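Down below are the structures I want you to see.
Note that subunit A is present in both complexes that follow, paired respectively with subunit B and with subunit C.
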Partner chain A sequence: MARYALLRILAIVPILFGVSVVLFLFLQLVPGDVAATLLGPRATADKIAEIRAELGLDQPLYRQYFSWLGGFLQGDMGRSIALQVPVASVVVPKFLNTLLLAGAALLLALAVGLPIGILSAVRQYSWVDRLGTFLAVFGSAAPPFWLALLLIYFFSLELGWFPTSGMQSLRGDGGRLELLHHLFLPALATSAIPMAVITRLTRSSVLEVVRSDFVVALRARGLPSHRVILRHTLRNALPPVISITGLQAGFLLGGTVFVEVIFSWPGIGQQLYQAVLAKDIPVVQAAMLFIALFFVVLNLLADLAVAYLNPRLRAG
Partner chain B sequence: MSKNPNHPRTRSPLAAAVALFLFAGVGATPALAAEENGGTLIVAMDAEADFLDNQAAGGWITWKVNRNMFDTLVMEDLTAEGVDQPPIIPGLAESWEISDDGLTYTFHLREGVKFHDGTELDAEAVRWNIERMWNPEAEQYSAKAAACTAFSWQALESLEVVDESTIRFHLNRPFGEFIGKMVDGGCGNTSLMSPANWEKWGNEEIGEHPVGTGPFRFVERVRGEKIVLERFDDYWGDQLDDPRYTGPRIERLIFRPMTDPAARVAALQAGEVDLIWSPPPDWLDAMERRGFQVEQAASPHVIYFALNLREPCLDDPKYRQAISHAIDRQGIAENLLKGAAVPAYGMIVPGSPSFDADFRKNAYDPIRAQELLAASSCPDGGPTMTWLIPTGGSGNMAPIAISEWIQRNLNEVGFNVELEAYEWQTYLSFWWKGLQQGQSASWMSWGMTTPLWVEVVGHSKWHPPEGTNVGWYQSEEVDALLDGALVEIDDAERESLYAEANRVMMEDAALLPIVHGKTPVLLGPNVEGYVAAPQNWRDYRTIELR
Partner chain C sequence: MPAPSPSSTKPSSQPTGAEARRVWEAGEAARGQRPESALRLFGKALRRDRWALASGIFLLLVALASLVAPWISPYGPNEANPVLRLGGIGTPGHLLGLDQQGRDMLTRLLWGGRVALPMAFIPVAAATVVSLLLGMVAGYYRRGIGELVMRLLDILYAFPAVLLAIAIAGILGPGMTNVMISIFIVLLPYMTRVVYTSTLTVAEEDFVAAARSSGAGDASILLREILPNVTAPMIVYATLSLGLQVVFAAGLSFLGLGVQPPTADWGVMTSDGRSVLALAPHVSMVPGVLLLLVALSFNLLGDGLRDALDPKLRV
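Let's look at the complex of A and B:
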């Protein structure tokens, strides 16, 4: 197990290096000159050249890349070109905001998806199963931005239960309860797709195990149903659910952008979108690396959990 | 969290869902948040400001925030109601003289003006600020500030500090719009910052720590969430017994970036914000019926197309005039934009001293368009034209819908137009290289109160890459008129020269003005005293909260 874990951890380094190189090169393909963008339509050619030199954009590509990488390894993510502030001061707080949103959405997805998935399988074709199927189809088919507008309409404008936007009320005291109050609707909108995926996968995975010989044998021995399900069936049904949850968590970090825009949630998705438009390479690089790092780490954790539950995987 | 005490409850879920699609949430009545306000006005912006360096920040969005914290030597009075153009009034300079030859401007500074950090404004501070934007040798020089304000200092030769409260600008040639350009905002502005504060932060950090002399001072900024300003108690305007200079009635002014228009409207309805920028034109009527206030005024702004005069057919004035006659500007302003714009027939914008609201040239007349086309060098309508447009972006009102309307107009008359849409930053990246072979026309949304604007888009010396005459228009007559206007120091004479240059350009139909935007905003019912000035930005000092 330890060797398996170590190998998986070491594999992260080339993955991240590859991501950073590919990103850097792809960003060069985005049309537009950042210096010209910065200066606006009144800029003259010599002023643009002056700014390009100031930003180091007149250097060869490889030199730009390695000077960025050198800084990054020493904890200096550079300065944002468009915002003129250290990248860390933009990317880190925004990333944490998205982590909060994605974490809450994932918790909601698991809290609803797992029990409904299990019940759907155990009581196949019952009303719970039908409800689960409906939720799963609705959740995966409803575009998150549409769902977000619908939630705002009902819960904020009609019922007045939740705020429409932001992380805090600009007139409030800014406490944790206020944050939770603001978090609920965006988290719910974000959770729709992972909730649907987790519900469907849990259902099919549990169904498959429930029909297997050893479960029939356990039942034949007279074990109580809840023990058969919770102790034996779940342990065998969970690995694919854990893997997919890891993947979903990764997607959530980059995939919350629509919900962030509609709820004015100051997250990394929105920031990344703006940085790409402004060709603000240091911000895009740092934000993408953060997302990639978390994606890889979450999937590593999921794989380790699966390996723990399924000893056959550790041998390799 | 502010709640809406006056909500009608949903009649049925189906009705609510239908309403959502039809009106996207315009169903609730306004919030009555009076007692919760405590003198704080919350403004929902349509994009995030970049950085709060008043002399170097990029674009109108940031200037709309910065202008509350910074003052210029001479200012535009945006508190005046019912005026066609913002009066130019003394700012940090209480008076100024221009020498007879137009080469020397002497500014007399007000006494007792304090920056937000407590330091005093004097002539030395003014010199320090101008050098930051103009003198590459100065320690505080910012290349970006210089690029943004280059038009203002184009004739500046030297600066002379006469005494503590007098500074003199020596020009190397007369520059009639020197004052007019000084009050202009946008990418960079000539307003003054505290040199002592700059010493603390330098060019790199100054954009996070703005300190000016304006009516509001900076409190804090959380990127993506808010920029908080509060009333500056030592504001110089409060010392004067003149309503044009009175400091803010509100205590706090908070800007919240909210990029999604539906989210801005929802937040206004829920009482979370008091004022929203760029409301979707479709919703103005419905929101007004619900008790919200719509405020707008024709602004120094024009949506226009530049035609590529190097292309076949487009090099023929008759062909271009036919295009202009085919465009139903009134329909675009009234039906498509629901009155949030007025038709534009010239490049000179509302709010400019040379603007003439009655000026008409090549207005909508499809029959005349067909006649002109038949008489042109391409009577069959010519080859398919490619018109370049952005999909959206700062200050662009519905570019795709407007362009499709124009495309339909043109195709009806016999032209063949194809639209090519690009994301805004990508669009800008090739727009300022000028129209290339195979590109027939390009969209832009821009404008300035100074009539110098006509030169920016129409003088042949500003062909790319030197400038933004992107359609390669070249007219000796126009160039001569503009050169004359540039050095003319008599205001009336200069304004008429610019108006004449505009008339010739419009006769040539080199540029196609479409509409002037009205910079609409939506206000909660609790907001009073908002003045919709003929400018792309507004003054918040007059606002009171009920």
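Let's look at the complex of A and C:
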């Protein structure tokens, strides 16, 4: 297990190196003269020259890369061109807001998806099973931006139960309860896809184990049904669910972007979107780096959790 | 036991080429490993699975209607009737209502398909072809070039797909072509991995070893033995992926990073309706429902194809 974990952790290093190269090349993707595009149409020649020097655009590409990477490794992620503040001060708080939204969505997805998935498998073709199938089919096909608008229309505009946007009310007390009140709809909209995936995968994984010989044998020996399911079936059925949940947690960081824009949730997706519109490349690079780092680490943790639960891998 | 003299050997024990082929084919068929042709796969899925059939018909109708939109749509896509602005579903002469500029929703949906469908189909088709090439070569030459290709694609895996596509499309600037480029880039690692994995399995099969021992070169093995066997899983994957990409391409236009208004596009239309959501929810709900149905249909068709390809994978 320790050897496996070490190998998996070491494998991240070249990937992160590649990630940094890709992000660096983003700057080269900007059509036309980078400095002029970044500054917009009203830029003076002096200002353009200044930015060119600041970004090191007058130097060869590999030099530019290493000085950029060097800055990053020392915690200097550059300055936002549009906002004129250090990138880190923009990106970090936004990232935490996204983690909150993605975490809430994942909890919702698990809270609904796991029990429905398990019940669907145990009581195949029952109404729970049909409900699960509907959730899975609908959730995986519903356009997230449309779903967000639908929820706003029903729950905010028609029923008036939840606010339409933001994290806090204008004249609110800023308390936890108020935050939860604002969090619910965006989290629900975000949870549709992971809920669909988790429901479907839990169902098929449990079904497979329930039909296997050892479960039949346990039942034949007269073990009560709930013990067979809770102690023996789930232990064998959950590893793939855990691994997919890890992946989904990573995808959630990307999946929140539509919801964040529509609900004005001040997260990293919305920030990335605004930076992309403003061609604020340093912010785009920093936001993507944060997300990639998190994504890679989450996948690693999911892999390690699966390995830990699988005795064959644990020993090797 | 004496060694058989040449004269004692019965002619039938020296199989001719045709016989050997028949024996081989029978064996393969028995093991269910004959390459599934794309056409047969679709036939099998549509015959067996009512949902797949209904989805296929629906998608065909949507595609056809979009194709002939200029001839069948009752109005022009940007023709406005200000008097009936925001008229709801069922307004006389406007089956699906009108948007805030008084444009006919049905007309714009029909025209929108001419943008929304190709914007997903072209990059998926291109990524399918390129990933077949990359994945097969990487899976066949596993040690050298294969390792390199897969490690390079691993880098793209480190980004959540949606954000990577938004960043690429946003930096390249708005427009249909840039949306398609960004979707193509994002799909490539996922599709290549599917082909790579199937190639690894197929390359171990006996018939590949048989082809090699009968003197077939690498190119011939890749094209004649491996390609037919990895195409079917790829078609399943591409079909399932089309549903996601239709929604995602519309999403980029919704965000203003793709097709620009006033072009009729399902994403642009949903976005148009955002500002009048309280007054006239149908303006954003109608194109959204169409997107949902199209995505749903691609999913059901893809599920049907997957079950037809390998019933064991059914979930």
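In the analysis below, the second predicted complex is superposed on the first by the 287 of 316 C-alpha atoms of A that agree within 3 Å, B and C clash if a C-alpha of one lies under 4 Å from a C-alpha of the other, contacts with A are read in each partner's own complex, and residues count from 1 in each chain.
Basically, a contact is a pair of C-beta atoms (placed from the backbone, for glycine too) under 8 Å apart; a residue touches a chain by one contact, two chains touch by 3 or more.
Keep in mind the model is a prediction, meaning the values are calculated, not measured.
Student: Should A:Thr245 be classified as contacting the first partner (subunit B), the second (subunit C), both, or neither?
Tutor: neither
Student: Just subunit B (first), just subunit C (second), both, or neither: which does A:Leu29 touch?
Tutor: Touch partner of A:Leu29: subunit C, not subunit B.
Student: Given the touch rule stated above, what does A:Lys94 touch, subunit B (first), subunit C (second), both, or neither?
Tutor: first
Student: Return first, second, both or neither, reflecting whether A:Glu54 touches subunit B, subunit C, both chains, or no partner chain.
Tutor: It touches subunit B, and subunit C stays clear.
Student: Once the shared chain is lined up, is A:Thr202 touching subunit B (first), subunit C (second), both, or neither of them?
Tutor: Touch partners of A:Thr202: none, neither subunit B nor subunit C.
Student: After superposition on the shared chain, which partner residues are touched by A:Leu277: those of subunit B (first), subunit C (second), both, or neither?
Tutor: Touch status of A:Leu277: both partners.
Student: Go through the superposed model and pick first if A:Val85 touches only subunit B, second if only subunit C, both, or neither.
Tutor: A:Val85 contacts subunit B only, not subunit C.
Student: Touching A:Thr190, do we find subunit B (first), subunit C (second), both, or neither?
Tutor: neither
Student: Touching A:Ala141 in the superposition: subunit B (first), subunit C (second), both, neither?
Tutor: second
Student: Do subunit B and subunit C touch any of the same residues on subunit A, and if so, which?
Tutor: In subunit A, positions 30-31, 149-150, 152-153, 157, 261-262, 277, 279 sit in both the subunit B and subunit C interfaces.
Student: Please output the residues of subunit A touching subunit C within their complex, sorted ascending.
Tutor: 14-16, 18-19, 21-22, 26, 29-31, 137-138, 140-146, 149-150, 152-153, 157, 200-201, 203-204, 207, 250-251, 253-255, 257-258, 261-262, 269, 272-273, 276-277, 279, 281, 284, 288, 291-292, 295-296
Student: Which bits of subunit B are touching subunit A when the two form their complex?
Tutor: Going by the criterion above, the answer is residues 1-4, 7, 9-10, 16-17, 19-20, 24-25, 27-28, 33, 36-38, 40, 42, 48, 50-51, 53, 58-59, 143-144, 146-148, 150-151, 186-187, 204-205, 207-208, 222-226, 254, 256-260, 262-263, 266-267, 269-270, 272-273, 423-426, 428-432, 444, 446, 456, 465-468.
Student: Using the touch definition up top, name the residues of subunit C that touch subunit A in the complex.
Tutor: Those in contact with subunit A are residues 151-152, 154-164, 166-168, 170-173, 243, 247, 250-251, 254-257, 267, 270-271, 273-274, 277-278, 281, 284-285, 287-289, 291-292, 295-296, 299-300, 315.
Student: Please output the residues of subunit A touching subunit B within their complex, sorted ascending.
Tutor: Residues in contact with subunit B: 30-33, 36-45, 47-48, 50-51, 54, 79, 82-85, 89-90, 93-94, 97, 149-150, 152-154, 156-160, 163-172, 178, 181, 261-264, 266-267, 270-271, 274, 277-279.
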